[in-house]
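Some structures to go through are shown next.
Two complexes are shown next, each including subunit A; its partner changes from subunit B in the first to subunit C in the second.
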Partner chain A sequence: MDVTFSLGLQDISAIMPELAMISVGLLLLMLDLVVKRKEIIAIIGVAGALVALYGTVSVYGMSESQTVFADMFLLDKYSCFFKIIFYLNVIFTICISFKYMAIEKAAFGEYYALLLFATAGMMIMASAADLMILYLGLELMALSTYILAGLLRKQARSNEAAVKYFFLGAFSSAFLLYGIALTYGMTGTTNITDIATSLFTLGIHDSPVMYLGVIFMIVAFGFKVALVPFHMWAPDVYEGAPTSITAFMSVGPKAAGFAVLGRVLFEAFGSMQPQWSAVLVPLAILTMVVGSVIALAQSNIKRMLAYSSIAHAGYMLLGIIAGTPEGLTSTINYLMIYTFMNIGAFTIVIMLRREGFQGENIEDYMGLAKSHPMASALMLIFMFSLTGIPPTAGFIGKFYVFMEAINAGYTYLAIIAALFSVVSAFFYLRIVVYMYMKEPQNEIVLTTSGPAGIVLAITCLAVLIIGIFPSILLSLANFSILG
Partner chain B sequence: MSTAQFFFGYFAVMLTGLSVLVVTRKDPIHSVLWMLVLFVHIAGLYLFLNAEFLAAVQIIVYAGAILVLFLFVIMLLNLRNEERVKKFQTQWPLGAGAGALLAIFLCLIVGKVIVLAPLGRYSEDAVNGDGNLMAIGKILYTEYLFPFEVASLVLLVAIIGAVVLAKRRLE
Partner chain C sequence: MEDVIYNNLNYPIITWTVFLPVLGAIIVLLLRSATAIRWTSLIVTGLTFIISLPLLTGFDKTTHKMQFVEWHQWIPSWGINYFVGIDGISILFILLTTLLSILSVLVSWKAIANKAKEFHISILIMEAGMLGVFVSLDFFLFYIFWEAMLIPMFLLIGVWGGENRVYAAVKFFLYTLIGSVLMLVGIVVLYFTGGETLNILALSSEQYSLNLQFWLFLAFFAAFAVKVPMFPFHTWLPDAHTEAPTAGSVILAGVLLKMGAYGFLRFSMPMFPDATMMFLKPIMILSVIAIIYGALVCLAQKDLKRLIAYSSVSHMGFVTLGIFALNTQGVEGGILQMLNHGIITGALFLMIGIIYERTHTRKIADYGGFAGLVPWYAGFFIVLTFASIGLPGMNGFIGEFLIIFGAFRAKMVYGVLAATGIILGAGYMLWLYQRVFFEKADTERWATGDHKVWDLDMREIITLVPLIILIFWVGFYPEVFLSYMHTSVAHLLENINQTNYAGGDHLLTRLITGIF
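Then we have the complex of A and B:
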């Protein structure tokens, strides 16, 4: 038997950003033993993510995609776009973390290392050219997030979050593996492009077994992006996990889930588009309906944002259902916008937490505008954006996915989505009403910090700039899919 | 029915039955012991596929190391209280029903229309030419180098997680 692969320089250079992420993560583990000030560890973590960001941006303009490590790892514009979302996510999370984790008395160095490892897992998922590596990246991401969710060991709800997330995550992994096994059995390969070729040459794209394989994979990815009915874990986990990790989880794993959903469905099973679109349509409707309606009844803001993130997954799915490259473009455009507005909103939520005060009830926002006009104005912008009111970025994101759904002939889906966007206005704008039109109930002192201020400035500016000049982001998304 | 089909049928039925036993026993020690039998049968299935190395690893690592660890953990924890709690919640028939439906569905579909994929590069002859261990070693450190390294990272994260969650003293 001949060996067909030997490690070369191009293999190493293609995974530079991942290597940077992982080696900084390992470095942080070592430094944690000698460095007493956790701020230094956090700053080194941010620096590592910035180095990886530089690495990704410098290859973004490449003319053609590159597969390395014996067709295991794929470096292309699509994965680069997602990696930028992951970097933003991890940098923002670290910035809003260290004051908060100190208040929670859980300022561990390992926390930052695990954040970087989870991000490396997401990056590997986005770049996976083989289902095997996709699965390993997913497990790396998932395992790190389970631990992060349970970091507040003394709190029962944090333990509950970790255990629930772990069990349901393991269950969904089993679905993914079953789907991969069925696909492998039928096509004889786990390579994503080879699956597409095999489907064509063997003429099995309408085989029920393949159909089942695709459904199992959709179930597994549905768990990660929290589609209804695979969303059961999300509210409890989002509520129980440390708030900074909730912010991290509501963006990172969701974006990674959409990255692999887009990659597997469009590249491996592109010839089965009518079949998988038919599976995704009811999921999208259920996700939008359940997410928006149940969010109305929440009194805890973390739970409310959990249901809101479920509803947003439903809107994002519209672009994938459309099944066109333009549809996928609108989905990744939405994901980037969602990153900014969601992390912005969580930054305000985290600022309400202080020593001896949770600040997670929606009532805590009553009269916030009187004592903290600046924070209230920012929260107002994020809530408007999450609802999808112009001129914020949220409007642009929704506008393009709805438009692509209509272009692909799913007008009824776009109508349902628009209707439930209106429903979602009730719970987003309730926060605004509480802040501006109610009398304060108890005195709110915000926990401010420089890095959190920077995060607020960046996210708020991004939400407004993308809202007014949408072409900046849209052309980037277009370039990543088509260019 | 050929001998091969007979053996495969035996392993398939036993694996399913043993899995059910593992989850339904009241005493956790019994569950773990049934799991031991389960692992041995999985090793048998590997042998059946001409994967001697995997079969040996299955016995040594799973039946040997992991299972002993399970037993230790169960004996260290005081599970007497757990045994008094009902093992299944009231909605278990619903879950069992859904599972049975899926099983019937799978049998109907997969049994009827399965198409055998073209054989891969690592056919029986190719593997036997080098020997099982050599064949695995060769591809593990060449073609599968990247997954292999990522897997090592997954294990590292698991270790860090165990230390962070169990050992770290909270202020």
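Then we have the complex of A and C:
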């Protein structure tokens, strides 16, 4: 292969958002030494993310995608859609962290820098046109989140979360590398489009080695999006990590995992669709079943939401299994909706935390509606949205993936998914029951803050507006479709 | 575009009717004082009723086509539209809903002191949801209303209900949800077989293969049979009805239960006529079981409200029996009986709520001799009792008569068995009346001191009188109401009777071979 390569202006401009993220992150690290008020650092972090958001939005309408850095990095609508999710995720997370990290006595400036680095990693994953770049982004994201999960260093469970996440994460990285190596061995390239061409020209999409390569990659990505049986880390890490980071992790890495899953399976291994769909079907069923059933038994809300996020990964997988461009659209549509409803729910969870009170038990929600009708009403909307009851956005997400699964002939999968969303209704309803139908046990004081209020307003409005006028999001998702 | 009659009024009447309560809910959200909230809800429900009246007066009875139709693009990428309209089957339910909503606000005037704001928001959203279900002509829209109703009803039962309210609310929610999600899968399958549309009229005019009809009928049956509720899917009903606050019971009995039967009429029968024929026998048998079983269980009840709840199982058995008799008398009787049941049982739940506010007990054994204590109340109650039994001159008689007539025409044995249900019905209602109003009064408990019961006040009489008027109106001159349905029902039956289903299919074999 010809490796003459010169750095052009076009290359730089294509990665402007990523550069902005990383340079603001570095800036925050230095500012942390001189700035005492951590709020300022947080605000600069949000500003950095907004600049990157502007950069992405301004190229969103481009007519065709561009590959830069010698076909290593791809700027297309698909990656832009995911980047929007990542920006929303990091901005929301920073907004709900202000007070929370102070209460946890962990208001480090590095925290915000790491959030930006992790987001930059996700963005690189979404834009990767080469498996090596993909791996690079994945590690940048993973290493940052390992540290973030263990940020509460005086708490044993936070340390446990970090260590567990690190070891299992390293293990899954090994799987990914193994998968890449096998693919490279068979096709002689790590470039995603070249792999597709080689599969075709060499006629090796039936070779067992390729199977193995694909399966290894599915395992690695399945770990990031928490598919059963690669989900073991999720409940402990979600519970142990600072709640703001739990919110961050439940959306960001999951979306990034789906971004690369979609990119690799559809673009590189598109010709092997029947094979990988067959691998994903049992994973999806297991994920939905285990996620919804085990969530029933949880008494800690962070753990419950962890299992709920596992179950949601199962629903999202239906779109990928369908194997059609529309199927993938339904998955990315679901991810955007999930971002809003899940972060909304976590914002309420974070508000219950105050000095000397964890507020993580489901019992802590008893009688919340009496003292805080507004917060309860919002939580009610998020819970019904997570269940998938119209007219909330959660219903639109589920309807779309069911539709695409049925269209691709997986009616039985849709029936299983529908039935397990009834099971999941049970544990989401329990929160509503505790808030509205039980008497308060002890006085509940919510830790409110302006930024968190803004997050709640945005997420709640998004959940309702998308639920009633889904066209807005659907056309964006359709526009961002691969290929 | 389909053959429909567009709304020719100068304002979108259906949209106003459906969404005025939503607007009201938003206003209530901003109010602080409980009195203001009550009055606003009353005015909003009253206005909704008034706005819905032109539907009745401007209705063209000579056509089966959808009327007052509105059509707007909604989700173009899925081919889904905001498409609403009414015909002779749905029109009366709309009026029933708008009327009962006013009464539910009135009856809760004093009963709901706790969280009044949330309560009235729930009632108003509920009204919008119920109206939406009856006017939707697009499946997606229909499903949104159908499911969105669950949230306020869940809260109504769970927050303001009786002792076992949480259990009853969760049971209600999960039962209904299971049925609904299966229907959702059915809807999506229909979407792809019917040419990527969810337009109900277009889907109704398609022909589907027998096998597909079988499975889709089952999927829809799951949702509708739970909602009716048909025996043996009825177990959520006694709990939900008993634990719900009075307004909740009135809405449940008055409108919610009608949606299942409405679903059969609107979707299952016109879309899957062959499958309807296939399932005819089991459904008729289940209906007869519901009639007799429901009545027998009533005889054993010790709780006033639970007795009326179980009587709903029996009455709804009549409704499904009539509808699936598939002849004019049966179907018209079924629809009329749905209205009647809404009026009578709605009024009975109002009565129970009224007396419960005074005595704080629902145990029949605690009552006795109330005819002397509260004569006006006793007078209203006896009217309702007779109406429920089906005494000639009142609405219950017309409905049950038509249904039994239809059942006899379909097959004699169903008619005979259903008629025994009427006798049992007279048994449990009259026995109830005797135990509550006659016998010796516990005067020490009820006539003096803290628990002294007082007779109906003006607000309560105003709440009840419209229903009493309707009872006699339907009883003496049912044609006013039946005339709305004639053409629509005739059209429906014509469609179904065109089926060329030969019979001889065995349901179980089809089920088993389909799965494996």
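The rule is short, and it goes like this: the second predicted complex is superposed on the first by the 478 of 483 C-alpha atoms of A that agree within 3 Å, B and C clash if a C-alpha of one lies under 4 Å from a C-alpha of the other, contacts with A are read in each partner's own complex, and residues count from 1 in each chain.
Note that in this section a residue touches a chain if its C-beta (ideal position, glycine included) is under 8 Å from a C-beta of that chain, and two chains touch if they have at least 3 such contacts.
Computed from a predicted model, the values in this text were never measured in an experiment.
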First (subunit B), second (subunit C), both or neither: which does A:G137 touch? first
Output check: A:S207 vs subunit B and subunit C. Expected answer is one of first, second, both, neither. What do you get? first
For subunit A, which side has the bigger count of touched residues, subunit B or subunit C? B
Look at A:L114 in the shared chain and tell me whether it touches subunit B only, subunit C only, both, or neither; answer first, second, both or neither. first
Output check: A:A369 vs subunit B and subunit C. Expected answer is one of first, second, both, neither. What do you get? second
Would you sort A:G188 into first (subunit B), second (subunit C), both or neither based on which partner it touches? first
Once the shared chain is lined up, is A:S271 touching subunit B (first), subunit C (second), both, or neither of them? neither
What is the contact status of A:F73 with respect to subunit B (first) and subunit C (second): first, second, both, or neither? first
Let me check the overlay on chain A: which residues of subunit A are in contact with subunit B and also with subunit C? none
Contact footprint of subunit A on subunit C as seen in their complex: 74-78, 115, 117-118, 143-144, 147-148, 150-151, 154-155, 158-159, 165-166, 169-170, 173-174, 177-178, 181-182, 184-185, 188-189, 191-192
Contact residues on subunit A for subunit C in the complex? 369-370, 373, 380, 384, 389-391, 395, 399, 402-403, 406-407, 411, 414-415, 418-419, 421-422, 425-426, 429, 432-433, 436-438, 469-471, 474-475, 478
Residues on subunit A engaged by subunit B in the complex (per definition of touch): 1, 3-7, 15, 22, 29, 69-70, 72-73, 105-106, 108, 110, 113-114, 117, 120, 124, 130, 132-133, 136-137, 139-140, 143-144, 146-147, 150-151, 153-154, 162, 182, 184-189, 198, 202, 204, 207-209, 212
Quick check: in the complex, which residue numbers of subunit B touch subunit A? 106, 109-110, 113-115, 117-122, 126-127, 129-130, 135, 138-139, 142-147, 150-151, 153-154, 156-158, 160-161, 163-165, 168, 170-171
